[in-house]
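In the part that follows, the structures are each spelled out as structure tokens.
Here come two complexes built around chain A, the first alongside chain B, the second alongside chain C.
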Partner chain A sequence: MSGHTVTSFDEDLGAIDRIIRDMGHFSAAMVDAAVAALLNGDVAMAQRVVADDAVLDTRQRELDERAITIIAKRQPMAQDLRAVVGAIRMASDLERIGDLAKNIAKRVTALEKSVAPKGFSHSIETMGQLVHQQLERVIDIYIARESEALNPLRTDDEKIDVQYTAIFRELLTYMMEDPRNITPCTHLLFCAKNLERIGDHVTNIAENAYYIMTGSQLPANRPKMDETGTIIPLA
Partner chain B sequence: MMFNAPESQKMNTNAAPVAIADPKKVDLPTGFKTVRTPDPEPRPVRVHADDVCVFYGSKQALFDVSIDIPEKAVTAFIGPSGCGKSTFLRCLNRMNDTIEGARVEGKITLDGEDLYDPKLDVVELRARIGMVFQKPNPFPKTIFENVAYGPRIHGLARSKTDLEQIVVESLKKASLFNEVKDRLHEVGTGLSGGQQQRLCIARAIAVSPEVILMDEPCSALDPIATAKIEELIDELRANYTIVIVTHSMQQAARVSQRTAFFHLGILVEEGPTEMMFTSPAEKRTQDYITGRFG
Partner chain C sequence: MSGHTVTSFDEDLGAIDRIIRDMGHFSAAMVDAAVAALLNGDVAMAQRVVADDAVLDTRQRELDERAITIIAKRQPMAQDLRAVVGAIRMASDLERIGDLAKNIAKRVTALEKSVAPKGFSHSIETMGQLVHQQLERVIDIYIARESEALNPLRTDDEKIDVQYTAIFRELLTYMMEDPRNITPCTHLLFCAKNLERIGDHVTNIAENAYYIMTGSQLPANRPKMDETGTIIPLA
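Right, the complex of A and B next:
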């Protein structure tokens, strides 16, 4: 795509792209750190994740301001308009991802005091890696503007859902084995739920990125594999 | 408009045959077909153009332009200077007839009637297809006379009261009446630019046209006067078929329901306005509306 006649317009759009890229990598690092803190019971790391959320909030506000200024100054059209509006929405998803990573980190202190065997959280490690990869990938695809790579990425969200369902069952089993597991397992369940929600935000970002690049929407019926809503307790 | 002073015609038409593109010299796809996106709910077609070519002497200014212009809607023509949008607009009421050496080929119909039928009365045609120009061009007469002129020479009023009624109605439709009701017999040229333009619109409306052509009607006006004209265009849309040429993409996006993009004498793309400004199908349209040309 050739540049605008007014070159500073390109710079303005480039700047919001860079913020999205930074926020994407930053939030992915937060997810990684939150899960690592959870697995290692690292309270200091967890506190850093909680503090980092403010950085993401500031970046989001900066992006909003820049996007609104572009709309006011440049009256963007077509792909430019989609890029600006899409960036606002993506930044909001990334900010939510930061919140969810913070929620995971906040539970580290509570879990540290519990007697839960470390093995309980191993499946969460796998899920965390999956979510982290997805998030990094969607940002890379968006920056490289490779629209055709987005649909497979979106369907990959089902892997996260499958993982979440497996963790749900697993933790349920631990809780039934020993009621003392209920507190730590509930915390872990919330952590898994937070990761699953992050996966949904990644999907939103993928859908937004696709709209920005092509002007059309991805088909609405994406696979949903979270089956925890249908699991019933054994009598 | 049949009662246009020859001076004003000259003023507007002199600017026409400039920067005419020669597609043989530029890289144009041979046998290029206009990309068309129909309306989700198609409107009845009022004006139909088929393979219209315009030549100024040996220079070809328009290449096989075909388009359907729907009734009770605003169709905007956009494109860079010299792309042929004003040339095509002027074909629609045979204003190009007044330019020496201009030749129009192809077919243009209004409700199925051939506009280039040699038997057609051009003066009457220009009453049915009125025109508003870039620069307001009221006659050096009173406000009343500016509007009354058309109906009078076309014999549309049977009595003085009739004529007065037409004038008042036309001024009301052009959202000008309240501002000028106490000075109908003062000269029209004493009004502000925006008021003069609305006076010209009232003058066009006075002869009950079916189609109103507007050639950059707001380019000489300030933002407030522009907003008033845009509001007026939106109101007139309920009763008239409107075609507007504009250099302001935002204006095209605001006032029109369909947009046609011209480039180098070719109609590149036409479609619903929302689509044209959010996700146009053609790369050239996209480049133009996002400011990536050149």
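Right, the complex of A and C next:
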């Protein structure tokens, strides 16, 4: 961020950084609220999460318009251009994270009158916390431009996947124990999957942050993936 | 695409269009193959779909690099800039469609030794065909720059959602009938969800195509959404 003669360009980039930071914290709060609403069957809180999604959509459009104006007006080269294009991509991932939090919140209505199996809440709470921490961290690392902090973040994402696979197995067991668990557990399965997908978007953000800071891409194959596709069928 | 004095710019844009077209047809073929592999329990075909995903990743990177080079070298304004930025977004959606087809294919291994409920294959086949047609159509409309054809496409996407909701209900019923159906049906549920998500990405592509052609955004709220979150629990 140093060495520009046109300091107003730095101001333009700074404004984009602030939108990314705001979107990051806002979406992380949405994830927290969605999981809390799910665990407590709190329909009112869930409805707020659903409504909040529009805020992220608006901020994403704002960022896109600013980014395009910057490209058109300043015609940035190399690193500056990467920062602008990378920010467009990050905003897109953050907007998707908001969508996924909204999807979790929308299932709260379906689950309200069902009973989630006891003992399950701890697993999903742990997964929600992991995802929330990863999201806050990647945004902080990006704002501070600490590229060397991004690689451990990607490895840590595997913890989310391990947790997701454990939840997947756990929910299948509950469904087999009692058919009345099938509908609520199916909704919970999608909630867990949404958290896992939020983890994927965090990985995308980490990749874009790396690209912005270094100009090179992290390897194409992310270490993480949903392993439940290869779980040996239990029934 | 008319009236440029620098005709090599049109050539640059044409090259980007060709990548979008190739990625579109390639990802549509992956969707077809993934659903066919699922219906026939064809593990070899599924493995080809998983391997094919790398092709889309490579093409997306190629498009991104070309797009950034065009912006840096030609400094396009207004409509041309929109076309380049819009193409970056479309390629990102197409790459995600490939990921989702790959996710379907990965479940074939898990399902191989299970038995999918009879009668179910028709529902998922229909959904796969709908998604495939929508994807082919949006790419054709974009390449032909027929903006007026995009709105009916968005409305048609509701058919995919209706089909998905029907499949969701159907699978819950199978799971309740026999606990041995729970594991295979859970995998099939995710496959159907992946098809529904591919439909979402097709909608994103339609929105970006509209933006490229007209300079304005389609309304923020898409008409489509997963309605299974509000299905009254059956058990």
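Going forward, the second predicted complex is superposed on the first by the 227 of 235 C-alpha atoms of A that agree within 3 Å, B and C clash if a C-alpha of one lies under 4 Å from a C-alpha of the other, contacts with A are read in each partner's own complex, and residues count from 1 in each chain.
Methods note: a residue touches a chain if its C-beta (ideal position, glycine included) is under 8 Å from a C-beta of that chain, and two chains touch if they have at least 3 such contacts.
Every value quoted in this text rests on a predicted model; they were computed, and no experiment measured them.
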Partner chain(s) touched by A:N103 [first = chain B, second = chain C, both, neither]: second
Partner chain(s) touched by A:F9 [first = chain B, second = chain C, both, neither]: first
Touched partner set for A:G119, first chain B, second chain C, both or neither: neither
First (chain B), second (chain C), both or neither touched by A:R180: second
Dominant contact partner of chain A by residue count, chain C or chain B: C
Which superposed partner A:D80 touches (first chain B, second chain C, both, neither): first
Interface residues of chain A shared between complexes with chain B and chain C: 75, 77-78, 81-82
Complex contacts: residues of chain A adjacent to chain B: 1-6, 9, 75-82, 214-216
Touch list for chain C against partner chain A, complex: 54, 57-58, 61, 64, 68, 71-72, 75, 77-78, 81-82, 85, 88-89, 92, 103, 106-107, 109-111, 113-114, 172, 175-176, 179-184, 186-187, 189-190, 193, 217, 220, 226, 228-235
Chain A partner contacts - residues on chain B that touch it in the complex: 249-250, 253, 277-280, 286-287, 289-294
